[in-house]
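Heads up, the thing below is written out as structure tokens.
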Amino acid sequence: MGLAIMCSGGDAPGMNPAIKKFVDYVYKSHQIPYFIYDGLEGLIDGNIKQAQHHDVAGILHNGGAIIGSSRSKRFYDYKYRKIAFENLNKYGITGLVVLGGDGSYNALERLNSEFGIDCIGIPSTIDNDIYGTEYCLGVDTALNVIRSAVDNIRDTASTFKRAFVVEVMGRECGYLAAVTALSSGAEICVIPEMCFNKDIAGYTLKKEVKAGRRYILAIAAEGCNRTQEIKEWLEKDIGMETRITVLGHIQRGGNPTVKDRMMAFEFVVRGIDLLRSKQKVHHAIGYQKGEFIAMDIHEVNDGKYTIPSEITRDLHFLD
Amino acid sequence: MGLAIMCSGGDAPGMNPAIKKFVDYVYKSHQIPYFIYDGLEGLIDGNIKQAQHHDVAGILHNGGAIIGSSRSKRFYDYKYRKIAFENLNKYGITGLVVLGGDGSYNALERLNSEFGIDCIGIPSTIDNDIYGTEYCLGVDTALNVIRSAVDNIRDTASTFKRAFVVEVMGRECGYLAAVTALSSGAEICVIPEMCFNKDIAGYTLKKEVKAGRRYILAIAAEGCNRTQEIKEWLEKDIGMETRITVLGHIQRGGNPTVKDRMMAFEFVVRGIDLLRSKQKVHHAIGYQKGEFIAMDIHEVNDGKYTIPSEITRDLHFLD
Amino acid sequence: MGLAIMCSGGDAPGMNPAIKKFVDYVYKSHQIPYFIYDGLEGLIDGNIKQAQHHDVAGILHNGGAIIGSSRSKRFYDYKYRKIAFENLNKYGITGLVVLGGDGSYNALERLNSEFGIDCIGIPSTIDNDIYGTEYCLGVDTALNVIRSAVDNIRDTASTFKRAFVVEVMGRECGYLAAVTALSSGAEICVIPEMCFNKDIAGYTLKKEVKAGRRYILAIAAEGCNRTQEIKEWLEKDIGMETRITVLGHIQRGGNPTVKDRMMAFEFVVRGIDLLRSKQKVHHAIGYQKGEFIAMDIHEVNDGKYTIPSEITRDLHFLD
Amino acid sequence: MGLAIMCSGGDAPGMNPAIKKFVDYVYKSHQIPYFIYDGLEGLIDGNIKQAQHHDVAGILHNGGAIIGSSRSKRFYDYKYRKIAFENLNKYGITGLVVLGGDGSYNALERLNSEFGIDCIGIPSTIDNDIYGTEYCLGVDTALNVIRSAVDNIRDTASTFKRAFVVEVMGRECGYLAAVTALSSGAEICVIPEMCFNKDIAGYTLKKEVKAGRRYILAIAAEGCNRTQEIKEWLEKDIGMETRITVLGHIQRGGNPTVKDRMMAFEFVVRGIDLLRSKQKVHHAIGYQKGEFIAMDIHEVNDGKYTIPSEITRDLHFLD
């Protein structure tokens, strides 16, 4: 039986440890592991090969994904999905593990419902925005990369009596921004999930600036699109020279943390075990309350992730 | 009402974020936070002062603990425990939060049973060896410091066709060693909780060395006391030049990871909430299956931590 | 005799080690060290105090500057310069060490020519754009912070078949960009000092992309203002999806590298020795061909820094 | 004309950037680059192949050396040296670049004098102990790895009122220890090149400990063999609980710093230029006072490196 692994959509640190575990564990299970290179685009183009142990030697500490990833418009067209299926068929691949986010899960659902391919989705996105799982692969590494950048920015902010607005990734989800704000002791956090009240925050801040506060650190989720607005407010209303830093793609890279390596292993092992034990598999692996679970992939696609209330609760620092 | 915080025993990254949260949250709860400096020794010597917000500004990213820690022999003597109690009394301190490990919890139990001081233990030790909690403060930072060291050692090992035995901390507990071995893809892991079978491992390794394996990485828990033995076995039986690296105290330091900062906050908030809500508190906070719990501190002291079976299961790589 | 230290203009990692050495070495020379807080603004406002050893304990590994910095418009007005001089006088300060860049040196020249204050300038700017010295404090740390960011970006670029334009600091000077491009193996480097020929570069790149090149890394100096233009060219002409990352203020922060610590010590010791040995000091310390030198500060202000030819020579990678 | 590159002896960060530059620059010079794998052992065994561009893609940020290294006893025997020469001959290799330290240079001298092979030695050892050059490849990375370890140790030392003796590498040379002691603000430094006077240091330290000093940091060069002695002295005479940390092989690994990458490029370019321009080359490249020089390799082998006086001068902190 052939089992294949593929990345889809944005890359996330932890994908390489997942890929390594996939190869090792599939061989250990006496089956044949395949790589699909460059995501759905590669699947359509037949960019597939049998994986070997030496392909995955020494990759645990590399960010990104050695098998590449992509976003695919062609896949929306049935004609190309059929080609994709035929490519899997050609290699005798009956089960597919995909590392990716929301969009990728939609693709999986199609391959399963239209062609009966057994599918496992492993939540892999630094945005942490997938329904049904508390944790997505890559988040811990991204958070620590951001921490290190924010530590640097605080150095220069405190030297200069300055405010900084640091914009972090997360698409429509404020998870990265919220956890960054809490863990770095930021004064302001602006995320899509919560209303940020400039009047309340401004009242406290002005008092503190008067009393000698040297710097203000604001974390803004990219999904809010308010970075520039917050900067202008800090300059005009609060009266502090302000700079913007958009962290950008440095957040996607980096040596995976121990947590991302361990989660990668667990996600993959659960996925492969499921593929081997059941007849019809169309599931996404999730992590909830310390346990790994398997949810129907339709259900995941239909749900909407919300940030845990413990996190949003603590964000009212300025009220 | 006065509430005090103290560290006891070995230090752990994450203690400073816990101390900062303690001060902020106690003030927010309209009570008065106190520092006890230098652990039980400082408590006996009356080294206590009211904490201010500015004491904890800018400490989130520092390893160690700004209020110091100690191990105390005097505390075993009732005479000194009585002095300790009187010192708490003098400041009107009715509740005590202790960041520490097993030994510290014993001290807490005494202060509670003999003098009625309300006590909260927060599991803080990179050894991760406390009963009733899956996670102790400092472990995530320690694991990532070790990861970085092991990445460096692998560079030199692979250049040189060499084996390395890396000894990691953990006292009687093999948790750090086990997770390090898994997450760094080590070939060998020797921990107190499992029998390491040299015959089985040797059979596989010799075959692989013959087939061209360039290096061997062995992780040994300090609690096994077998580091030298493993080195000699690798040299004589497996036939590879071998070096030992004892990582030592670099494992205790470092900028706390995002996880250790967030866990520190949660542990402390739970502890203070408990102190405020109940009359008689003699509890240790724990983390189990994604939830924070409070256990009777006697129970924790009587129990014995065991490594989760998912981890030991995966360690049989060479069988 | 009183000697004072002050930062001026943008901060640079290495300022704190310089400040620590200043305090230690001035005391060792049996004189009294003073801090001027918050740059020229603080000097005008009389924000001055005698420095103590404990002020500089444990600061070697912090970025930024514990005594703050500023840019000052008031200082252009003679009235405020006179106040500044009187403030120095009040404390018996006869010599002044300034950590800063070009602008700061101009201020020093005024204080010296108008009021006879002995002045030492220590080149401190990550832009590395000061005439008469090959090295400015902070450059090595900034380069290594950038390296780490570029390593992360390469992870994600190679996964995704993408081009990245990374914009780095340096004002009018391309030093940071040039060294980053060389040391990270970038394909493209755009700096103010050199003409970047899109035709030549494009010819080679298109050939390589056709032959399978997975990603393109372009480093652009902020001083060129061509980041957006390069992105559009890469997308339209070269045909690769392209992302921009503006590294921003993370480049100014961070734990000073060993080189920046050692250079800080040497710069400061040379400066203080000069202040003590001569009657009229109006000099900037520089580093040239492995030696520390003292140049007339007028001369430095009049000169213009140029990037060494060994560096620009090697940048013609695509010709 | 074929030119080969080889590593010999202990590995050093920066070797991979040197290897990459070698391949790129030799091809650019219209000649053929060869790899000799696993040092002199590989040379004797004929482990040689033509290098390709793709062999060196993406290796700039890896520690160690992708072509391996070794120490060879066989090479002392003329019989094997002759085989080594014949292997070079077989591939038409007329010039050889060796990355290594003292021992490697001896080997080069033999190949040159006995068989007329043109030879270039590039000083590559974290010990920084080669005559005729101020800088050896790998030193800057090693120093920054040590800095990070010492920062961690200081966290735990200051928490605990403890002394630490940190033993660093360097064989007979105290350079790493001396620069580490200065740049980390250590209280004690013990190196082979200087007498460490326990009476003088002890007098000051005891006074400071009495006055409240919380920790002592001692840096000891491995070449002194006094680590244990210093520990016992700190415990018995100074009266502080003391721990030893032997940093070991983590010092040899790690992502090469920008300086080590740039120095690697320059060393290699100079070496290849020399091989191409002269008829008889038996030289080591060195770096002195900001310039790259070429010295006769005999001269280098006969000389003895000494630490610059600026460094030893500053080490008398406790006198």
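Every chain is named by a letter (A, B, C and D) in the order it is written, and numbering of its residues begins at 1.
Methods note: contacts are C-beta pairs under 8 Å (C-beta built on N, C-alpha and C of every residue); 3 or more make two chains touch, one makes a residue touch a chain.
Here the structure is a predicted model, which means the values were calculated and not measured.
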Minimum number of chain-to-chain touching steps separating chain B from chain C: 2
Most distant chain from chain D, judged by the mean position of its C-alpha atoms: A
Reference interface A-C: repeating pair among C-D, A-B or B-D with over half of contacts shared: B-D
Whole-Å gap between the CA centroids of chain A and chain B: 29
Distance between the centres, which are taken as Cα means, of chain D and chain B, whole angstrom: 35
Distance from the mean Cα position of chain D to that of chain A, given in whole angstrom: 40
In chain C, residues with contacts to at least two other chains: 151, 154, 158
Complete list of chain pairs which touch one another: A-B, A-C, B-D, C-D
Chain D to chain C touching residues, read off their complex: 17, 20, 58, 60-61, 134, 140, 143-144, 147, 151, 154, 158, 179-180, 182-185, 255, 257-259, 261-262, 265-266, 288-291, 310, 314
Contact footprint of chain A on chain C as seen in their complex: 7, 11, 13, 15, 38, 62-65, 68-70, 145, 149, 151-161, 164, 214, 243-254
